[in-house]
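There are two complexes below, and they share chain A, which is joined by chain B in the first and by chain C in the second.
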Partner chain A sequence: MSAGSESPAVAAATAAAGGGRLADALGPRLTRRIGIATTLPTQLLLIFIIAFPTLVTVYISLTAWTPLDGITWVQAYTSWSWFDNYIEIFQDGRLGGAILRTLFIVAVAVTSEFLLGFGLALLFVDKFAFRPIYYSLFLLPMMVVPAVSGYMFLILFQSTGPINQLISFVTGHPFEMVWLTNRTTATIAVIAADVWQWTPMMFLILLAGLIGVPQDQIKAARLLGASWGQILTRISLPRIRAVIVIAIGIRFIEALKLFDVMFIMTKGGPGVATETLSLYIYKRTFGDLEWAYVAAIGLTIVIVMSLAAIATLSAVRRIKARRAAAA
Partner chain B sequence: MSSIDLIGLGKSFNAVTAVKDLTLSVRDKEFIALLGPSGCGKTTTMNMIAGIETPTTGEIRFNGIDISRIAPNRRNIGFVFQNYAIFTHLSVFENLAFALRVRRLARREIDRRVREIAALMQLSDRLDWPSSRLSVNEMQKLAIGRSAIAEPAIFLLDEPLSNVDAAFRVFMRAELKRIQRTLQQTMVYVTHDQTEAMSLADRIAVLDRGLLQQFDTPAAVYNRPRNTFVARFMGSPAMNLLEGNLVGLNGAMVFEAGAKGRLRLDLGEAERLANAGAKQRILLGIRPEDILLARPDAGEEGLTLPINFIEPIGPRTILHLGDSAAELKVVTGKRVPYRIGEAVKLVMPAERRRYFDPASGLSLDAGGERSGQHGQA
Partner chain C sequence: MKSFLQILLPLRFLRHLLLLLALFAALFPIAWMASMAFKPMAEWTAASGDLTWLPKAPTLGNFQYIFTGVSDDYPSSTAMEKTAWRPIIASLLVSGIGTLIATIAGTLAAYGFSRFDRGRGLPLVLAQQRLFPPLAVIIPVMIMWAYLDLIDSWWGLALIYGIVTLPFAFWLMLTFLDEVPVELEEAALIEGARPYRVFLRVTLPLVKPALATTLLFVFILNWSDYVLALMLTREQWVTIPVFMNDLNSAQTGQLYGAKAALGLIAIVPPMIVGMLIQKHLVRGLTFGALKQ
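And then the complex of A and B:
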């Protein structure tokens, strides 16, 4: 390693010590050593926080250990089982159901959030009276703690709750739908809660993108005879493609972790009708105490999610590269 | 193929009046320039014609029909922006095709017309380039081609040459004239550059602080400025304006400019000024290139002034004469047989002299020579 490829921390430390003059005086070798010494505690801490738990998880996932065995995790090797847990993942019907259900809920929720958020963003691009106030109001749900919004929707969807009361009032007939104990309506309720909470985030990101579209190009398109819709599809949308990919990507990954709202509203019920991946893992962890199996699931999810994240990022990079090639 | 009538047009932004009571008519296929310093209201006027801005007062008519209720995208105008507003996410071809695509023309028709306009704009070998890779000069041509392809009846250009380099500007001036002749369109051209306006326009509308100062042919605006603003704004260097007194001397009218000397007015001039209601204080205007130089002891009549500074600019030389407070400039040939500090006699032919009222700034010549067609009635 040459002096030119010092870590940023070392570079910052030497810069702080007088614009590199100290580094010149000490020579590259000593400089590097000081750099390593001063950043060592942080590095150790990071290793402890990230590497240690990961290694423990990998270790346990290769055994059949559970806390009920009466031995500590260190001795888990006594029930070494190689890849049994990983094989189990592919044979676990309830896990497969949870994954498909999660994907379905995420797909519906994120699509709705995108459409609503984009629609709202389009309305907010132009100035109108009280825009800042509406703007703040629309962002409010995002600030609510998910567990709290879970309780809010739990209360809203009670059979004697405000939603049924409202429907009764509007239709004039008593309406007493038991939302959360029916497979379909419970799913709708859970999606509604997610959409309510996370549309603002979509809105925020997409609005930032739309505001970034050069006004003169919109003006030029309009003067060239383009209608509002044509400006949208030919100018605005192509220009914010990268922003859209990022917004959907973030929401998709976030939504896969869906837990709090679901846990409070339905606990995955009725039966396993709204049981998502995180809820299933929670149940296997704290209900069945099958920690070795859960460790295997956890690791698999991390790997799959990382691949998804890489795919998203490379998609964004491709769009950027295409634009850079054009520039 | 359309005439434009602006009738009592005005635009205010809150407390600021950008354009005030502007009335002018552009004939079909005419090339007019809106000329003035920045903030004079020329771009606002253009934006109102395009429909980007709504007039506060007055009316705009295309071919005699009020168009104030027609949306910008239905006015059939081409608009070239100062910064071109090229769609950088699209190729050159797609930029040119934009106006046709939004009109849902057949693919073959689009292809044919794009190639046609690309040939006219000399962009044929750039069609599949990403538009963001074009040079500024090419972007300029693309911006014009993109607007021209829809064959708009009216073409509006907002300072289209202000960002291109000097050599290309000269080339583009000729190109624009050629394009206008080919396309047979009514063109309105906004500029602050009087050379551009002079060389391109059939008529020039000079604006200052939201008010129309003069609307006439380039020659008329240059030679017979309606007021001191136009006199100072047109031409580089500007028209000399010399303050002095009109006095009677030996039965003749004389312009007296203090120590600089005096000029005898000929009979026609004197009569004209009397008819125009000239007062004693008066401004004499003369173009720097209309002044002839002579030795101080020459027999001709003229004002005698010392040379302050000699500024050679290639084909011509600009002489700065007199004190810096009331400097006179003379444009003369390449060779100057005088030195700095030397006094010279400035001979000002009577037919080249213009007179203005120092209080109002208005020309006192209107009654005499052929009156230019003024924008304001």
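And then the complex of A and C:
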């Protein structure tokens, strides 16, 4: 469901406080031994999933190997091609299109999710009748298996499906849009599915932030005659800035992975209208079996995203340090 | 006590109106699928303007089809050899074992990190594993899985599930463990109790609810997977979402009713589990950075 480049930074800062709290009670030798024993399974799993795959990726990305060659990946050196795959990345217009499309879809979806989730969270700040029931029900879309929500929306957006029927019903005119075979409407449909599923997550996180805003400050501002808008922009929003960054950051990273729903609803179509980065990679992997090229794309993505994460983390740390120094 | 909402919405019913509207949008797709699961083939698609909320002739034919491969409601050409039993068992088994792997390894590592300051790089390295789109890093995993003969085996899929959800288990348990005061454990250790006994008898009981939350949260994540099962299984161990691809027929196209029936079965467990751990969802989703 989620992960973030921001959240680990925040959590790491809090976790450091608990680091090694039992070390003194045991003495250095036993501490060391238990420390090694308890973290061993995780360390082994990490080495298993990082070391070998990284080596394989680097290796085959420098070749022109495909599973069709009839030789195993070990012998990929027979088609050694140096950096041809990496050069191709920059000449691959379809890849560039997929990246831009992914960023566009993610930007629209995450912005909508934020606005809707924030609006909904504002409705929940104080207590009212049936609040817990509403709250629980609003979380349901998030629990739906993403692949299933893909099928759900496939059914909803059929030309004879309920969306068209609802529109006909509301407007009074027969409406028969063939959503998934038109560039624009197919994009709208897949964004709608993402917004439907993940607005609850925005809502949940933002509400947790809003509830944390001290009520006495809001009360005091009210007594001094502050308007609702002033309270929101001057007190609540600045207070939950970190929460907003975390919520959007997590959704952004997760949305970049977008695959299940699109694969089921449109397979990237019509044409390449909804072909996201993950779908493009999937097609090159299984349609064209160009594993060496895909390995090069994968490694590039890993490097670029890691650099972006490091840059974000250090920026956050610098801001924190500056604030701490100012305080 | 006036809060800013009462100022924006002086009329209480306006809030409920907005909420009901949002609720309709949130629940409509689920409700439609639930209704679809009980509709006979003739009602799967309807002429324009003919919006049928509830099945006119409710049937269990869709469920009969996915569990037996044939249905009284379906033309005989749709009969299939495979049924949904195996994918359901596969989903349960693989998600279950994957959850155990992640939770056991993650809890131990979080304990080592929290109490004995071991594995200082772990938090960030684990978080980093969640950064990349799975498809960008799947090729070497497929090569490795093929080499180790793990493709289309339950243990192979369970292993990758365990690895992929390990960061969540670690971070969740870490934030829970850090909240527990260590005085009890400390006292027991100074008294001379064996460390593993202190872990089992003192630490674990203190974080029992946290452990349950972590297990359930990680289970939802594993149960929700599609990409990994699509890539790493072929036939024997396909999970529910992958099996849904097969519910088509050459003559009638997508078997919507059957898909809806199986979809309904797939979403009920995570919904129940999600309700149970509602209180801790924020913590889980934000890697422990935020609490409710």
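The definition used in the following text is that the second predicted complex is superposed on the first by the 265 of 327 C-alpha atoms of A that agree within 3 Å, B and C clash if a C-alpha of one lies under 4 Å from a C-alpha of the other, contacts with A are read in each partner's own complex, and residues count from 1 in each chain.
The rule is simple: a contact is a pair of C-beta atoms (placed from the backbone, for glycine too) under 8 Å apart; a residue touches a chain by one contact, two chains touch by 3 or more.
Quick caveat: nothing in here was measured; it's all calculated off a predicted structure.
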Considering only touches as defined above, state whether A:Gly93 meets chain B (first), chain C (second), both or neither.
neither
Using the touch definition from the top, say if A:Gln217 reaches chain B (first), chain C (second), both or neither.
first
Once the shared chain is lined up, is A:Arg234 touching chain B (first), chain C (second), both, or neither of them?
first
Looking at A:Gly287 after the superposition, I want to know if it touches chain B, chain C, both of them or none. Which is it: first, second, both, neither?
neither
Based on the superposed arrangement, let me know which partner A:Gly225 touches: chain B (first), chain C (second), both, or neither?
first
In the overlay, answer first, second, both or neither for which of chain B and chain C A:Ile36 touches.
second
A:Phe153 in the overlay: touching chain B, chain C, both, or neither? Say first, second, both or neither.
second
More chain A residues touched by chain B or by chain C?
C
In the superposed arrangement, what residues of chain A touch both chain B and chain C?
219, 222, 227
Quick one: which bits of chain A touch chain C in the complex? Just the residue numbers, please.
1-8, 10-12, 14-15, 17-23, 25-26, 30-32, 34-39, 41-43, 45-46, 48-49, 52-54, 56-57, 60, 73, 116, 120, 122-123, 125-126, 128, 134-149, 151-156, 158, 160-162, 164-166, 168-169, 174-176, 196, 199-201, 204-205, 208-209, 211, 215, 218-219, 222, 227-228, 231-232, 236, 243, 246-247, 250, 253, 256-257, 259-260, 263, 277-278, 281-282, 285, 291, 294-295, 297-298, 301-302, 305-306, 309
Write out the stretch or stretches of chain A touching chain B in their complex.
214, 216-217, 219-227, 230, 234-235, 238-239, 323, 325-327
With touch defined as at the start, can you tell me which chain B residues reach chain A in the complex?
50, 52, 72-74, 77-79, 81, 83, 85-90, 98-99, 101-103, 130-133, 146-147, 150
Could you please specify the touching residues of chain C with respect to chain A in the complex?
1-8, 12, 15, 18-19, 22-23, 25-30, 32-33, 36, 45-51, 101, 104-106, 108-109, 111-120, 122-141, 143-144, 162-163, 166-167, 170-171, 174-175, 177-178, 182, 185-186, 189-190, 195, 220-221, 223-224, 226-227, 240-242, 244, 254, 256, 259-260, 263, 266-267, 270-271, 273-275, 278, 281-282, 284-292
